[in-house]
Amino acid sequence: MITVSRKAHFNSAHRLYREDWDDAQNLKVFGKCSYPNYHGHNYNLVVSVTGEINPETGFVINLKDLSDIIKQHVEEKLDHKNLNLDVPEFKGLIPTAENIAVVIWNILREKIDKKLLLKIVLYETERNFVEYSGA
Amino acid sequence: MITVSRKAHFNSAHRLYREDWDDAQNLKVFGKCSYPNYHGHNYNLVVSVTGEINPETGFVINLKDLSDIIKQHVEEKLDHKNLNLDVPEFKGLIPTAENIAVVIWNILREKIDKKLLLKIVLYETERNFVEYSGA
Amino acid sequence: MITVSRKAHFNSAHRLYREDWDDAQNLKVFGKCSYPNYHGHNYNLVVSVTGEINPETGFVINLKDLSDIIKQHVEEKLDHKNLNLDVPEFKGLIPTAENIAVVIWNILREKIDKKLLLKIVLYETERNFVEYSGA
Amino acid sequence: MITVSRKAHFNSAHRLYREDWDDAQNLKVFGKCSYPNYHGHNYNLVVSVTGEINPETGFVINLKDLSDIIKQHVEEKLDHKNLNLDVPEFKGLIPTAENIAVVIWNILREKIDKKLLLKIVLYETERNFVEYSGA
Amino acid sequence: MITVSRKAHFNSAHRLYREDWDDAQNLKVFGKCSYPNYHGHNYNLVVSVTGEINPETGFVINLKDLSDIIKQHVEEKLDHKNLNLDVPEFKGLIPTAENIAVVIWNILREKIDKKLLLKIVLYETERNFVEYSGA
Amino acid sequence: MITVSRKAHFNSAHRLYREDWDDAQNLKVFGKCSYPNYHGHNYNLVVSVTGEINPETGFVINLKDLSDIIKQHVEEKLDHKNLNLDVPEFKGLIPTAENIAVVIWNILREKIDKKLLLKIVLYETERNFVEYSGA
């Protein structure tokens, strides 16, 4: 078993807040991230796939294919978008780094061979990041 | 003459578009950056100040002071904000990296001793950045 | 279960040597790190916390709180200090990256909810780093 | 148990192709990596060793020793070489990142105390990397 | 006048040697870079263009256009190629970082509006890089 | 004219203070950097040399030679040292990043061919750096 990883990136706007909380409570919990007109990030995404090396190709997965899957199903959906307004998965789900990571993992899990293990790391900034492997 | 630099960062949302153009023209020129609900970036800012070393302190400028100026006048103004909606300087000015750099340079130029030369580099992403020194 | 990480940093001086060894033996084992007048590093610290996402906030832990804990209990203690002379934990303990990591982990473990798993990575330089999760 | 890591690097040429496939099949699977006259990479290698801290030295392993092992047995063998033509381990083995990682791990496993666990991460580019720990 | 920069990358093989020198002389001057079967690098390229901001778009140059020019005229030509064997510009020209930079600059100078100043930085590794602006 | 650069690094301890000031004044000007028992940094140094390409070698300067000069005259002198106590150049000179840069530049200027221009950038941290070219 060996793990191969591919790095991707997308730039999105978001805001952290709950409609059922008043502004003071949102500010207390979410700080500047609750500001009303959104802010944004350059998200970096590392997708890691674990499996056996195919002896014919020397690949666990062809990184060209993995890169295309990420482009088509993650970047197309999230890049240059407002996560709160434009992405249906975040209707009723606060777009914290944790929740974005779970959404991305669920999307990719559907598209990648079930024999392969899947883990992602999502960097919101260079200083804040999350890691999710579905369990 | 020696140059000292200090790195800072802020996270903002923005959108590139002209109200006097239709959507097709905005999309043609600004691409995904014209999407209606904003996207965002982790901006990295490097502020460089050139002058003589003060022999008493060994400093061109005390970086603690420079850092405070950047925090108070740039980060407070731009961090976790929507540049189009929240920042008066961008009323009628498209918040491209070039224009953001000029706005920041003009703000800092007012606050830093005129005997010191000022240059900034603004990274919109790791791949796109601009440099401005006022001339 | 998902893991969230926060990066911090501190700058310290240290020296690796044993008082019960002579200079030649210290130099043989610790090399330049045993030089008598100390040297130093920009330490980068990544603190990773694993738990369930709180559905109310979308957070495993509020990174603002985690950041404050690191600042108050790690950075205040180690930043701009001489690890050998100023930090009681290193009386009788050689401040190798391994031992610094264990000291930091023990400090943080006391301050972070026991339901959350804790791992740290400590970078002494870009080329040398250690990882510790308490077991 | 604690993990210490050391980063190294080497620059090599390689080509991905199978002699028993025609050019079209090689191009389909390996893309530009199958071009006939080789291309190359700045490989970055992180070697991670896990064990107990030796209380006498504060080290899991002396990183000077680990660095020397990597230099002598990995860098000497691969640096400024053509992996396909110059390195016997790749006769009959396609030098994908996966296979290079396995080759390096097997070399290092022979040279590092069996009581210590061994993992490596090999970066082919900043965007593509593999991780192998022997199982 | 303001400067905008765009980062690109390509992976190539090369070898530094002179046919009119014997192996010993090549090894003395070029070291490991003269090894016969080539080695390679992940080259990073920063292309910087200086001019006035177009008030209609807020751009010095549309970075999408600049990125396309780099892709079509530099990456297509050099990426996954052997610089000595595949790139006509290096017939009779040693592909040192200096010479590669001059070749790239000359290519780009033809394709970018003469009213704009052009500078490039070419990173052969993280530790070695060259800067050229045509004069 | 083209510029080639080489990156190096060294790890040192230092303290910023003036003996003719009391502790309160030192703390006011130098902050934590005045703490009595020293702290330290991983300094990164970029040495840039500008000149014409030698048509015989394709080099402005052989980077192997430049690297050896840096190693012998800068790293040997500063690495794993206490700048205040171990380095004669800082007797009576506060080891700010500015002053360290001037000291390094003066050392290198003596060792590098006078036909070549010399510039250095010294990173004290990722966030603070200075640039000096002798004028």
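Letters A, B, C, D, E and F name the chains as they come in the text, with residue numbers starting at 1 for each one.
Please note the rule applied: a contact is a pair of C-beta atoms (placed from the backbone, for glycine too) under 8 Å apart; a residue touches a chain by one contact, two chains touch by 3 or more.
Model, not experiment: these values are computed from the prediction.
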Contacts common to subunit B and subunit F (chain labels): E
Shared interface partners, meaning chains that touch subunit A and subunit F: B, C
Cα superposition angle of subunit E on its copy subunit F, in degrees to the nearest 5: 120
Chain pair showing more contacts of the two, A-B and C-D: A-B
Interchain centroid distance [CA atoms averaged], subunit A/subunit C, Å: 29
Rounded Å distance, subunit C centre to subunit E centre (Cα mean): 41
Centre distance in Å when subunit A and subunit E are each reduced to the mean of their C-alpha atoms: 34
Subunit D: positions in contact with at least two other chains: 126
All chain pairs that touch each other: A-B, A-C, A-D, B-E, B-F, C-D, C-F, D-E, E-F
Residue ranges of subunit D in contact with subunit E within the complex: 9, 11-14, 32-33, 35, 37-42, 79-82, 85-86, 125-126
In the complex with subunit B, residue positions of subunit E that touch it: 1-8, 48, 53, 56-60, 62-64
Touching residues (chain side subunit F, partner subunit B) in the complex: 16, 18, 29-31, 93-99, 101-102, 126-132, 135
